[in-house]
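Shared between the two complexes below is chain A, which has chain B as its partner in the first and chain C in the second.
Take a look at the complex of A and B:
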């Protein structure tokens, strides 16, 4: 194998999930009626904004070799907090701030703070008290959703303040601002992961925590920050969810956790930690979203939708495994 | 020390004595097995059953199954061990709960089916609006709306179901599509919103608006799904009335959307009447007395009671709510519980 061929092959493997996405988009465009149009591609990007942002936080924690099962419930809590404060119907209190634009940063702050607080609690229990991340975040997944039901009483909040809702309606280049927020999050966090010592330390911790500690890196502090970030980002995802649905219901976001895990894994992040890039995760999110959209357009019998969705995710993961095998042979 | 202990026991005895009259007033405890508290109809049913059953002398304790069949089966087993006066069951899964109903009745505990009818095994009383019938009412309204728009019943309908694993939504779909079969010029596109999650409904509507811009009517199987559907319509630059929309269950959010002009019709499940009917017949159920077929006035609604192979079954008509009657306080979505008290049927 010539160095050039090897280089091309490595480039393809490094970005396989993007090629998978292009392949899937091409196939769907050919075979699914009405799929090939700008409006549908805009919908795919829009629909992936919440899942995308949530997946960033999850990926950060998984890269460190841990996991966070609470992100879905934390997003729901963030959405409900925003809904209760800034919605004017249902259980919404209709809080008004002057000038109106002030409601945007305040609502984001509320969602991010709520998520960050849960993330901090998770982080301290896992890193300082040395409890198992799976158990602690599973507990948080349950108690935080319970809290959402308790504070809402099972009722919903609707009619989000127009100043906040504006982000779900206003479009730039055909995409709503919520989608641009998600894209911006991916760019910012990709840069943090690739260009800052903090990002590199997270990858190192995931690769070998003990060696990283012996190298003088503050493992405990970085891990707690990763959990706080995962919570805060999940809170932001909740804010996007509230904007997208113009309010919050008690079951908002149910099922997102498993899609987020699927996106992270498809995106090439190793569940063992130490490997992965956020660019791949975004491609994974877009891939899932394009599959969902195809299912929506194909008019498949309702009962089979979940089966098809699951099988397509499985196919994507199998392809990713094939990629790892080829990479090992190249090494 | 001894004196202190004696005083404490004295206070305790006094407290128990004071509580006794309260116990004496209650005819017993009834357990309500609610399938989930994640939607407003179910949350509302808890309050309505507690209110009406208290009026006829029963205490109500509610257990939430969180939409999990196995959790509801375990709850049934636990409650059977407590020997309550009766169990009110709104089953997560219509068939899976059959053995639990049989076990409760074998233990001498009457079982009342609420909202979700189970016909595969006998129970002591059933109070339903009829999920298939909700589909029928929705179809009548769709027929009316499409005729008003096109002059004849034709066009494209997007049907947003709930979770495809939930028989409730499948029954509504069955009723709706059964009636709409009579109109071959109507195309129905059906998609499920997984786990009844609102943003899933929003995505379906957003995608379909692009793929089928000529959609005339959107029928969401729950009012909370309509909220997300409206958000998607708004994001697509639509104004109230551009696309007709209706949903079912009559939740407060649906009524708000009618007032704002986004929703044309909300098919109501008569929550208060369904709960009141349970209270009206609870004495007969608990005392295992005969329940006679006929028509009964249930807080102003005409309920038809029939004795079926699965037991006495009262069916209450679902109403179509539109702009003309949206403020009627009788609709549970207006959150104004009826002031009339329910009386037990003699």
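Take a look at the complex of A and C:
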């Protein structure tokens, strides 16, 4: 094998999800009527912004070899905090700030801080007290959702302040600002993971925690930061959710966790830790979203989405095994 | 030999009722190579972990460069200048050779105030270090999981040679190496010692110890059973120390060793 073909093959393997996405989009464009439109593609990107942002945090923690089941509930809590403060109808308090634009950074800060706080608690319990990540975050998944229901009394907040709503309506190049925020998050966190010592350390911790500890990397600190980041990003996803729905309900975002897991696995992140890139995760999110869109356009009952998502996760895992075999031959 | 670099005084380590170390005392000078020998379970690896910051001793004290020293974490030991090559390799197989070489000490440059990995600079350094040591790895960008056991061990060895520090601990560094690579490895150790770095090497292979070490320290059942200059002893005598039948001229015996300054009077 020449170095050139080897390089090309490595490139294809590294970005396999993107090729799958292109393939699926091509197939749908050919066979599903009305699929091939810019508006549809814009819609796919728009619909994947909340899930996308949430998946970043989840992927981050999984790459370090841990787990965060709480992201979905944390997002709901972030959304509810923003909803209660800045909505004017329902349980909203209708908080007003002058000048109006000030509400945007303040609401984002609230959502991110709420998420970060839950993440910090998770991180400390898991890393410092050495409890199992699965159990701790499962508990958080339950109690945080409970908190959302308790705080809202099961009711909803509507009519989000227009200054914040603006993000869901204003478009640049045909995409709403919320979608751009998601894309920006992917770019920023991909750079952090690939180019900074912090990101490199997270990947190495996921690969061999003992080795990184012996090498003098501050494993505990890095892991807690990863959990805080996952919580904070989930909070941001909640903010996006509040903007999209112009408020918050007690059951906002239920079921997103499993889609996020699917996206992360399809995106090539190994649940064993240490393997995966955020660009792949974004492709995974877009892949799920484009399949949803196709199902809608074909007029199939929405229940099929779940079946297809499940099969897709299976296919992704099988593909991952295949990829490993090919890589072994390459080396 | 010059002044002692590291002095261990009556180090003990208990795991519950089990005494892994029952009072170990010896010292290492700058530029000296000490071979640490002993049977399985004699406490060699425990001792290495105490010096390198993975374990805390139950009692006893250490002097490093004349100052009281106790590393709570490997990071602290590293900061003081102690490098360790562990028996089970400390490599992250999911990243490439360069990332492993620089684990925890990445070269960065600032872009808008944010530290960014300088991959080119790191790759150049690794390329040079491996070439100097005669290690051949097809691509420095290959993930370590795709490399052979020998190649992995070579990376670890080259890493310690490159970073040096003041004291190097090697816990069975040649277990996966071939004949030629072992020869190079032993050469590397001598080369490192010539730079004034103290080296402690744990090995099971008598021949290696005699090839490379200035002094041989034998640990038996958690105490120093012998501490002799390599040129004043023989493999047979060392074997006897390891197994417990002490011969004349083999150095201080295990008994009277625990709180005795006897071994300090060794000939140098």
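General observations
We adopt the following convention: the second predicted complex is superposed on the first by the 320 of 331 C-alpha atoms of A that agree within 3 Å, B and C clash if a C-alpha of one lies under 4 Å from a C-alpha of the other, contacts with A are read in each partner's own complex, and residues count from 1 in each chain.
Just so we're on the same page, contacts are C-beta pairs under 8 Å (C-beta built on N, C-alpha and C of every residue); 3 or more make two chains touch, one makes a residue touch a chain.
Owing to the predicted nature of the structure, the values given are computational and were not obtained by experimental measurement.
Superposition note: with chain A as the common reference, chain B and chain C can be accommodated side by side.
In the superposed model, A:206 lies in contact with chain C only, and not with chain B. Annotation for chain A, partner touching more residues between chain B and chain C: B. Contacts of A:195 after superposition on the shared chain: chain C is touched, whereas chain B is not.
When the two complexes are overlaid on their common chain A, residue A:296 makes contact with chain B while staying clear of chain C. Seen from the Cα centre of chain A, chain B and chain C lie 140° apart once the structures are superposed, a value rounded to the nearest 10. By the touch criterion defined above, A:218 reaches chain C but does not reach chain B. In the superposition on chain A, A:99 makes contact with neither chain B nor chain C. By the touch criterion defined above, A:50 lies against chain B but remains apart from chain C after alignment on the C-alpha atoms of chain A. Touch criterion met: A:274 reaches chain C, while chain B stays clear of it. Taking every C-alpha of chain B against every C-alpha of chain C after the fit on chain A, the minimum distance is 36 Å. In the three-chain superposition model, chain A touches chain B and chain C at no common residue.
Interface residues of chain C, counted against chain A in their complex, comprise 52, 54, 73-75, 78-79, 84, 86, 89-95, 99, 103-106, 108, 114-117, 142-143, 146-147. Chain B meets chain A in the complex at residues 37-40, 42-43, 161, 164, 173, 189-192, 194-200, 202-204, 206-208, 210-212, 224, 227-228, 230-231, 234-235, 251-253, 256. Listed in rising order, the residues of chain A touching chain C in the complex are 195-197, 200-201, 203-204, 206-208, 210-218, 274-275, 327-328, 330-331.
Those residues of chain A lying in contact with chain B across their complex are 33-35, 37, 39-40, 43, 46-47, 50, 89-90, 149, 153-156, 158-159, 165, 168-169, 176, 241, 244-247, 249-255, 292-293, 296-297, 299, 302-303, 305-306.
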